[in-house]
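Multiple structures follow.
You will see two complexes here that share chain A, one where it goes with chain B and one where it goes with chain C.
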Partner chain A sequence: MSFEIKNPGLATTVQDQGRTGHYNVGIPQSGSMDQYSAELGNALVGNGPGDAVLECTYLGPVLVTDADAAVAVTGAPVEVKVNGETRPQWTRLQLKAGDELSFGTIQGGTRYYIAVQGGIDVPEVLGSRSTYLLGAIGGFQGRKLAAGDVVPVGGAGAGGAAVGQGSGLPEVDTVPEEFRPVFAKEQSVRIVLGLYDHRLTDAGRESLLTGEWKVTPVADRMGLRYSGPGVEWKEREQPFGAGSDPSNIVDAGYAVGSIQIPGGTQPIILHRDAVSGGGYAMVGTVISADMDLVARAAPGTTTHFVAVSQDEALVARKELAELKTKAWEALGARR
Partner chain B sequence: MTSPSPALQEARYTWGGDEFLFVEVAEGMSLAANFKVMSLAKNLADAGLDGIVDICPANASLLVRFDPDVLPPSSLESTVRDIERELIHDGELSLGTRIIEVPVWYDDPFTAEVAQRFREGFHQEPEGTDLDYAAKVNNLKDTAEFIQRHHEQPWLVSMVGFVAGLPFLFQLVDQDKQLQVPKYLSPRTDTPKLTVGHGGCFAAIYSVRGAGGYQMFGVAAAPIYDPAQSLADFKDFMVFFRPGDIVKFKPVSEAEYNAIQAQVEDGSYRYRQVPVTFELSKALADPEGYNQQLMEALNVI
Partner chain C sequence: MGTIVSPLPGIFYRKPGPGKPPFVNEGDTIEVGQTLGVVEIMKQFTEIQSDVAGILESFEVAEGDMVNPGDTIVVVRES
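Presenting the complex of A and B:
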């Protein structure tokens, strides 16, 4: 079966949990920016957590299914419509052949996800169905969707992971409120200081951690840029090959989630389509458990960076894994 | 080259959150530092630890991604430190690699056209070309001399990344002979695919069209990134370059460029390349003499 794309929306791409192992040649992990929301969409339709979904950015697509299909829309709050009628988000919807799925205006956040039973069935590239736009690989022909595309959907349970009995759908069809993420206008993002934070002055580090930062419109799958008070770098005689600004280093690998502050003005958090390296010093890294949170931040979101230890980051990582397990259990879904 | 090398000092270990270890071998770029990074990367890969996700050697530092649920950070750090200690005691460093001839059309119309769109406010000297500026800041008499210096000695691929398949290259010459050119004042929003660029002491070949801040000197004649894997050199992987590759640029005319394009088009193009062993001590002792030896390997095919 397949979805026919009547209108592609702003930037709709196929994503899954991403590809690793090729960052050493500049191929980023890609994958759904808000992994938690994408996974719960999969849970609602009886998929495994690694099945591919459609990631919609601000303006969603209009699509028509050519067969009966169980779908769910999760992620950023948006009006979901089937044949023009409003239907609930975070709930499994049963579409009939010929039904049209479309969206109203997004009410917060940036991205929402369409999961379908069987998963989006494009070919895997380097072990993943995720789209990497700059490298033009993965997803639907290595690009965002366009009008007229016919996007293949896998057979029920084709995702390879174990699913429930009978229909393959979990007993509960709605994600309970307590397991839905919050899309707030203010965030505290936990970071582990390090990498090149010793190149900041004390005042610079203080400014990073006490300043109020706002997500600018310059935010996409590669990274998010923040405006705020700026930070101060220590002056030094630059090492050979490092470039002339004190925020420059000899080009190095960039950790996903790392924060660079070119020229000391606007911090940039690298996200799942990160450039893999470059010549700007990084001062810390968003903990893995908060990467989905960063992905949910719309332009204008007020952000506070909170320093935690690596041990605290590992505890948060474990808590997030436990939360996911509980959410799947609450649906009666099997991961 | 200068010695004793800072690359032989102990590296700095720091963390990128809960999934990345960053090992800074040296603050400044040098062949010795890059060689140590590549050796660390290779030996870590050979150690075959469960929980290693990505091993990314860069110019003077190593980035390792790991899964902390499988591999505790402390175990990873102690393994890398052990590898580093062994390297410091092992004086004779060598690398099994290859030398590749990369044809380049210098001073080409494609980069010239794009450069003209990004002058005022972007470039240090908007009235001239990128090559004019590069010759001037390196105190060379003209662009021909700069181009000569660019291709007469080989380069080492010191890092692959930024975007898919983009090589950073470091010329195998003494530090006082390194070509250094500042990046654009402000990055362009466009760079032709396969542009041979330069920023600081590094050359780069842009694998895909897109934004960029490096000065533009020419275009490589054949692909370096081929997601469709249609050419024989890409049969095993869509990315051509690997860290440690040695590159000899070869200047080609418009006619030669077009002939290569035709071969790329009909699927018959192959890069000229030969396996070589690169020995750090020889390269440091007599760079140009050793380069001559390396380049002769290309003459026997």
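Presenting the complex of A and C:
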């Protein structure tokens, strides 16, 4: 079966849990920006957490299914419509062949996800179905969807994407309120300082951790730029190989989630489609448990960076994994 | 009065490009489907089109300002 794309929306792409293991040769992990929401969409339709979904950015697509399909829309709050009638989000919807799925205006956040039983069945590239737009690989022909595209959906247990990942639908058809993320206009994002925070003055570090930062409209799958009070760097004679600005270093690998502040004015958090290295000092790294939170930040979101230790980051990662397990259990879904 | 809202966040522009005249001005008669401006986000320009016909009463957002989803961009006196 397949979805026919009538209107693609702003930037609708196929994503899954990502393409790990190739960052050393410059290929980022990609994958759903808000992994938590995408995975719970999969849970609702009886998929495994690694099945591919459609990631919709601000403006969603209009699509028509050519066969009966169980779908769920999770992530940023938006009006979901089937043949023009409003349907609930975070709930499994049974579409009939010929039904049209469309969306109203997004009411917060940045991205919502369409999960379908069987998963989006595009070929795997380097072990993942995720679209890496800049590299034009993976997903649907390495690009965002366009009008007229016919996007294949895997048959549950019939040789498609869902083989071996459980074919039945879970007992519960709605994600309970307590397991739905909050899409707020204000966020506290936990970071581990380093590797280059020693390049900031005390006032610069103070500014990073106590300042109010706002997400600018310059934000996409590669990274999010923030405006705010700026930071101050220590004076030094720049080493050979580094650029002349104090925010420059000799080129180094970038961690996923690392924060660079070109010129000391506007911090950039590198996200799932980011470059793997470069010459800006990384003053901190967003902890893995808060990467989905950052992905939900719409332009204008007020952000506070909170420093935590690596041990605290690992506890947060464990807690997020436990929350996901509990959410799957609440649905009676099999992982 | 009809209001035209932005369906997405970004930077609002009244012109199709630098040095070009605005799509429309206050007092113009506009039709359903007519482009009133563009919103730039993620290096893409999305046209904002009118879903009503009438006289363009006012712009609620200035050239180059940020808009959020649901923000009113234009007020139209419907005919």
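Quick notes
The rule we apply is simple: the second predicted complex is superposed on the first by the 324 of 335 C-alpha atoms of A that agree within 3 Å, B and C clash if a C-alpha of one lies under 4 Å from a C-alpha of the other, contacts with A are read in each partner's own complex, and residues count from 1 in each chain.
In this text, a residue touches a chain if its C-beta (ideal position, glycine included) is under 8 Å from a C-beta of that chain, and two chains touch if they have at least 3 such contacts.
Please read these numbers as outputs of a predicted model, since none were measured by experiment.
In the superposition on chain A, A:286 contacts chain B only, with no contact to chain C. When both complexes are overlaid on chain A, the residue A:298 reaches chain C alone and has no touch with chain B. Judged by the touch definition given at the top, the superposed model places A:276 against chain B, while chain C stays out of reach. In the superposition on chain A, contact of A:58 is made with chain C only, not with chain B. Applying the stated contact rule after C-alpha superposition, one finds that A:106 touches chain C and leaves chain B untouched. Of the two partner chains, chain C is the only one touched by A:217; chain B is not.
For chain A, the partner touching the most residues, choosing from chain B and chain C, is B. With the contact threshold set out at the top, not one residue of chain A is in contact with chain B in one structure and with chain C in the other. Across the complex, chain A is touched by residues 5, 7-11, 40-44, 46, 66, 68-70 of chain C. Contact residues on chain B toward chain A in their complex (touch as defined above): 14-20, 22, 24, 26-30, 41, 53-63, 65, 68-69, 73, 159-166, 168, 175, 182-183, 199-202, 207-208, 210, 225, 227, 238-239, 241-243.
Chain A makes touch with chain B in their complex at residues 20-27, 125, 132, 134-137, 142, 191-192, 194-195, 239-244, 249-258, 275-279, 282, 284-288, 310, 313-314, 317, 321. Residues of chain A that touch chain C in their complex: 10-11, 57-59, 105-107, 217, 219-220, 298-300.
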